[in-house]
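There are two complexes below, and they share chain A, which is joined by chain B in the first and by chain C in the second.
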Partner chain A sequence: MSTLPRMKPRLRLPSLHGTLPALAVLAACLVAYATGSLRFLDDATSWQLGFSVIAQEPGDPYWRTLGISLLNTLVLAGISIAAATFIGTLVALVAITGHPLWSRFARGYVQLFRNMPLIIQALFWFAYVTHLPGPRKAIGLWGVYLSNRGLSLPVPTLAGWAVAAAGLVAAFVAMRATRSLEGRLTHRVAVMFLSLVVAACGMRWTVLANHSLWDVPQLTSFNFSGGVQVATELIAVAIALSMFGSAYVAEIVRGGFATVPKGVIEAARALALPWWALELKVRAPLALRAIILPLGSQYTVLVKATSIGLAVGFTDLFAVTMMSINQSGHTIALLCVMTACFVVLNQVIVSAANAVDRAFALAA
Partner chain B sequence: MRISKGHIRAAAGATAVTLAGLLASTPTWAQQGKSALDTIKERGTLRCSAHNGSFSGFFEVDDKGSWKGFDIQFCKALATAILGSPDKVTYVPLSWAQRFPSLISGDVDVVFKATGWTLSRDTKQKIDFSLPYFMGGFQFLVPPTSAIKSGKELNGATVCTASGTSIEPVLADYMATEKVKFKVVTYEKGEEERSAYANGRCDAMAAWGPSLAVARTQQKELAAHTILPITLTLEPIGAALRQDDKRFRAVIDWTIAAMIRAEEIGISSANVDTVRSQVAGNPAANPGLAKFLGIQKGLGTELGLPDTWAYDVIKKVGNYGQVYDRELGAGSPYKLERGLNRLWKNGGLIYSPVFD
Partner chain C sequence: MSSLPVTLEGPRESLASRLSTVAAMALVAWIGWHVLRWAVVDATWHAVSADQCSAAGACWAVIRARYRLLLFGLYPPEEQWRAALAGGVAIATLLALCWKRMWRVRVLVGLFLAAPVAFVLLMYGGLPGMPLVPTDRWGGLALTLFLYLIGIVLGMPLGVVLALLRRSHRRPIAAGAAFVVDTVRTLPMVMILFTVGVLAPMAFPDGFAGDKLWRVAIAFAFAFGCYQSEIVRAGLQAVASGQDEAARALALTPYQRMRLVLLPQALTNGLPATVNLLVATFKETSIVAIIGYFDFASSAQAAYGNADWAGAYVEVYLFVAAVYFGFATVIGWLGHRIERRVRIDRS
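Now for the complex of A and B:
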């Protein structure tokens, strides 16, 4: 009896053929820059972005403001893709349990969010989030505050990061030092955990005794300051994109599981594999291969859909391009820059999906 | 046929060159060609800007899709001057951000859209402005419970405003000169902006004073809100048109001027026929008026219009004061004071160049 050769997944650089259109767009931008059509990108914008991941000033040049808006788009796309994948997979797993109530619930979820126009979802969530209580009556727990001004989160200060680093370094050292305990995992983990706690506490109470570890949002005259502020608009559009995306992801995952041949599962059962091994080692790996490519394609849809941010006042790449067009008048050039950003971004996603797909492909 | 590497390379190269060509040639597009005046006459209708929704008092659309409002009246006046009828207008709904690209591309002939005359629009954006037909400043609206009394107290606050308007640079400038820092959240649509502000998303809303005043009379929840007395800047509002179209610009300028002049000398749509027949009886007694009302030749030819254009505008649309009262003032639901928009002789800033 021959078995399939077990291959370690190997990621290789994607071939250049598929990326040629993206490279062409980039080349066009370079040509345009060389001919002077994009020189205005060095001019100061003289306006302020409502929300930006890194600080932006009215005196910043256009290229920097557009770059920051691209970063905003990336953050929004990242959050939405992660959340959509997580929720979507969960919904798909619920759907394939076959339990009449739960699978109907999952189907209903998919139908609801897939059949509603994205812009309506965005406006709905925007209206919902702006109807939350004001900063003075914010819903708060452990320094996390949710209000109609957005989400305020505590972040570790420099001292906080130092304490965390001390703990991690101690744990790492403990891991190397206890190599002799190979095989007695519980002992090893206990030693690592103990050294982590001791090092972190030592750092906390000796060196940094007078420093606070967390930058906690404080209510000032108008709003929270300190910590990290996540804008209302970002929350609204991220929820909308996650819900919308998760409905499609759920269908892709469910479809992937449906492609697993019944015979393989029956064969696994015949071998008396325990249920978890059947699911994890037989069904899931086969399903995954049918999921990767459509999932990559769905991710590109989500990246493009970030442009819905314009509708609710989020400063994504599309919205900022529109503002720039209005303030500078360079319509075609700015649209080309935006197109180039999206084409390259999506090409990266597609290439990555292809590479992962090839790496996991079964030997023919 | 199999698609080979060579094909793909060729296609990619061609795409790159086309795109680059498009980019490089952008500035020379739209500007060439004839005056918009001739285009409008050939087309038989004026393409004028409207709004994506209603901007109360200035451009409003009703349930039948017909437009009214202060700025819309100037579209009608211009159509009357050129084509003889206030109904020969095609209204193109545009967002704030779309108005200049649409104008430059030729989608609309003229933009009457509460558009302020600014240096960067006049130069960088390749737009010309007509004689100002309205004066309005940017102001802040704050909730009745707010402690904010002046702009300085906005430090740390969040301010909602509209995106794609001249207010964004003005706010940035104000922050720098007054040394206050506030967060600006911009919305593409007025509906979202107002609902966000009304729900407390922002501590203040920065907008064009007249539209704040209108919004206050319209929305019950805003009725008790305060408009701060500081004016960020005064904006003269003019019609925007494509650069270097001298003939069309003259027609727009003098159409606005004729409406102002008519108010100045007390001619309205109600009495214009009476005045005209009186003057027609003895043109020599009042040659200026005889020319103005098209009884004698002289007013139209140079502009490329019929001699009776000013009479038509007054008769079919009204004089400046009438239009103001009907759309914004005492005759409207908004009851806005004339303020700076009174005639110069009544202490306002509205004037007309000389009809000679």
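Now for the complex of A and C:
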């Protein structure tokens, strides 16, 4: 390993310079709290959010409503980040195959979603979802229904969760029990998988034989009941953010693979490594090291970009802060609170990316 | 792949590779055929409402019927030639910047001053033969171009000034500039524009907050300047120290050193980043749609949002997206052209 070139310079401590505004915002929040300027957060809001992950009522105080809107933002950011990473990686993998047609498709995808303003994308998907047929003519597959009321998804019942938990516990136990087989990864994975299936099926057909595992949405007279309903606003913004983000993720992943030195790959070929080992054990791990940090900063961009939810009426942190300012007039205090939330959230992402990067860093 | 890939006859296509080529071509043909049928063969070009459009194809009649709303917003119809001319001025300025003859400080400064003045004069009017059109009637693509032009023309010099202030030897000045730039760069653009555009009039008494549109345009320019200042600063840092020392040895004054030696090289160094910023900024102008301004993005909503054209949203958004895409591509392409021409020869 010591002969490998260093892939990146040593991490430097973040200078205080860059974090100065963030610290100033947090200090301003503390001052506001100490002087009682945040006392209005205990007042009732008297209005209801259009969409919220957990129930919210007009009588709720500002802090609770803002907290729920932060939860909305987190859910949106989580879905978008996961989907953008998945789609972006797929697109990048297509791009690096080097096949003239397929890699041109991938480039086209990236160009298309990067060169279009995010708001246009959000407005388009919102128009698309709201122009879908009504619940009676909903597009349905395996209990998932898409209509102009939004997306209806089946959710696991308590029994369903129990089966999943049994399988996971069995897999974990199997993994611990087969630790002696250290080098035989394929054998261990096979044993894990087998115990997962056996435990889950055992649980399903014995103890919980008479319970249904899924709560499937059912069509009632005008809408769906059962399962979970995802609002049109959330779907539109989540699709827009995922597509937009995936274009950037694809470029980051493609760039990461481009940094792998040709000599390393040639050396692996010279050792007659099979192709899958070359890709999985040489190329991918080296590329990963060039991907983690830019990916982290792309995630912070996506978190900040959730604020375009306001364009289609999604009640995220930004939108609810603006509503609260309109209603209560506490402009500076509310802006401080919102900025503090974003600053903390993004700092967590950046720190996590740095930690992962350090954990994977090659020894000097 | 288990054998060494050393072949004398060159790469050979494997069966899998050939199959995937065939699959890709089939996909292209399938998508191409459906798009062609929808967009051209089955499309409706003339209609007075969406009801008359065929359901199988695109309803391009909506663009024909609503293009004035998309391009000019609520600008008075009989005066729209002025908005069109102003848009022409903005695009001509963009094209002129790629002509190498133009790259002299005096010409560039003149262009940078003349273009926005001409744009605003044409849009605002108040001259004989051109009745006054207040800014609340501006809209559509013309408003987007206005924001972009003002943002760049005011933001570019501001970027240079902020970068120089941040490098000042006087500590408080440097720290102040650093704080302002970092704060603006940390905050989401939507929040800055919302604070300036919507909240400022609540905080200030009537008339003190200035015109609604100009307020947002100047905030936009300020944010652009902050982003650009970091590019200029990085460019200055990348200028070899020998350049400054050589200029000192020639007894140039600090002003001459900056203007003749350091800044030209710094701006050239920062050109790729500047081009990226210019493209991103054009897309960013659409943020004002969120806070209730009638720009190109929100005029799209208005274009299909009446009883006659309800449901023709795909065509409208395709048109709007194509225009944004076109501008972004052209700006990026022109930028890379300039980049190639001014690249410093370091051989």
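The rule we apply is simple: the second predicted complex is superposed on the first by the 277 of 364 C-alpha atoms of A that agree within 3 Å, B and C clash if a C-alpha of one lies under 4 Å from a C-alpha of the other, contacts with A are read in each partner's own complex, and residues count from 1 in each chain.
Just so it is clear, contacts are C-beta pairs under 8 Å (C-beta built on N, C-alpha and C of every residue); 3 or more make two chains touch, one makes a residue touch a chain.
Small disclaimer: the values here were computed from a predicted structure and weren't measured.
Participant: Please tell me, clash or fit, for chain B and chain C sharing chain A in the overlay.
Facilitator: With chain A as the common anchor, chain B and chain C collide in the superposed model.
Participant: Would you check which partner chain A:L310 touches, where first means chain B only, second means chain C only, and both and neither mean what they say?
Facilitator: So A:L310 meets both chain B and chain C here.
Participant: Give one of first, second, both or neither to describe whether A:A27 is in contact with chain B, with chain C, with both, or with none.
Facilitator: In the superposition, A:A27 contacts chain B only.
Participant: Could you tell me if A:M322 is touching chain B, chain C, both of them or neither one (first, second, both, neither)?
Facilitator: Both chain B and chain C are touched by A:M322.
Participant: For A:S297, using the defined touch cut-off, is the partner it touches chain B, chain C, both, or neither? Pick first, second, both or neither.
Facilitator: Neither chain B nor chain C is touched by A:S297.
Participant: Once chain A of both complexes is superposed, is A:H131 in touch with chain B (first), chain C (second), both, or neither?
Facilitator: both
Participant: Identify the partner contact of A:T178: answer first if only chain B is touched, second if only chain C is, both if each is, neither if none is.
Facilitator: neither
Participant: For A:T157 in the superposed arrangement: first (chain B), second (chain C), both or neither?
Facilitator: Neither partner.
Participant: One more residue to check, A:C336. First (chain B), second (chain C), both or neither?
Facilitator: After superposition on chain A, A:C336 lies in contact with chain B alone.
Participant: Touch check for A:P274: first (chain B), second (chain C), both, or neither?
Facilitator: After superposition on chain A, A:P274 lies in contact with chain C alone.
Participant: Now that the structures are stacked on chain A, which of 5-13, 95-103, 113-121 or 239-247 shows chain B clashing with chain C?
Facilitator: In the superposition, chain C collides with chain B along 95-103.
Participant: On chain A, which stretch or stretches are contacted by chain B in one complex as well as by chain C in the other?
Facilitator: 17, 20-21, 24, 123, 127, 131, 310-311, 322, 325, 329, 331
Participant: Touching residues of chain B toward chain A in the complex: what are they?
Facilitator: 5, 8-9, 11-13, 15-20, 22-24, 26-27, 96-97, 100-101, 104-105, 120-121, 124-127, 156-158, 163-165, 168-169, 171-173, 175-176, 183-189, 192-193, 195-196, 199-201, 203
Participant: Where on chain A is chain C touching in the complex?
Facilitator: 17-18, 20-22, 24, 99, 101-102, 105, 112, 115-120, 123-124, 127-128, 131, 269-270, 272, 274-275, 278, 304, 307-308, 310-311, 318, 322, 325, 329, 331, 335, 338-339, 342-343
Participant: Help me check something: in the complex, which residues belonging to chain C touch chain A?
Facilitator: Listed in rising order, the residues are 1-5, 17, 20-21, 24-25, 27-28, 178-179, 182-183, 186-188, 190-191, 194-195, 198-199, 202-203, 279, 283-284, 286-287, 289-290, 297, 300-301, 304, 311, 313-314, 317, 320-321, 324-325, 328-329.
Participant: Could you pull out which chain A residues touch chain B in their complex?
Facilitator: 17, 20-21, 23-25, 27-29, 31-32, 35-38, 40, 46-51, 58, 123, 126-127, 130-131, 134, 148-149, 220-223, 225, 231-233, 310-313, 315, 319, 322-323, 325-333, 336
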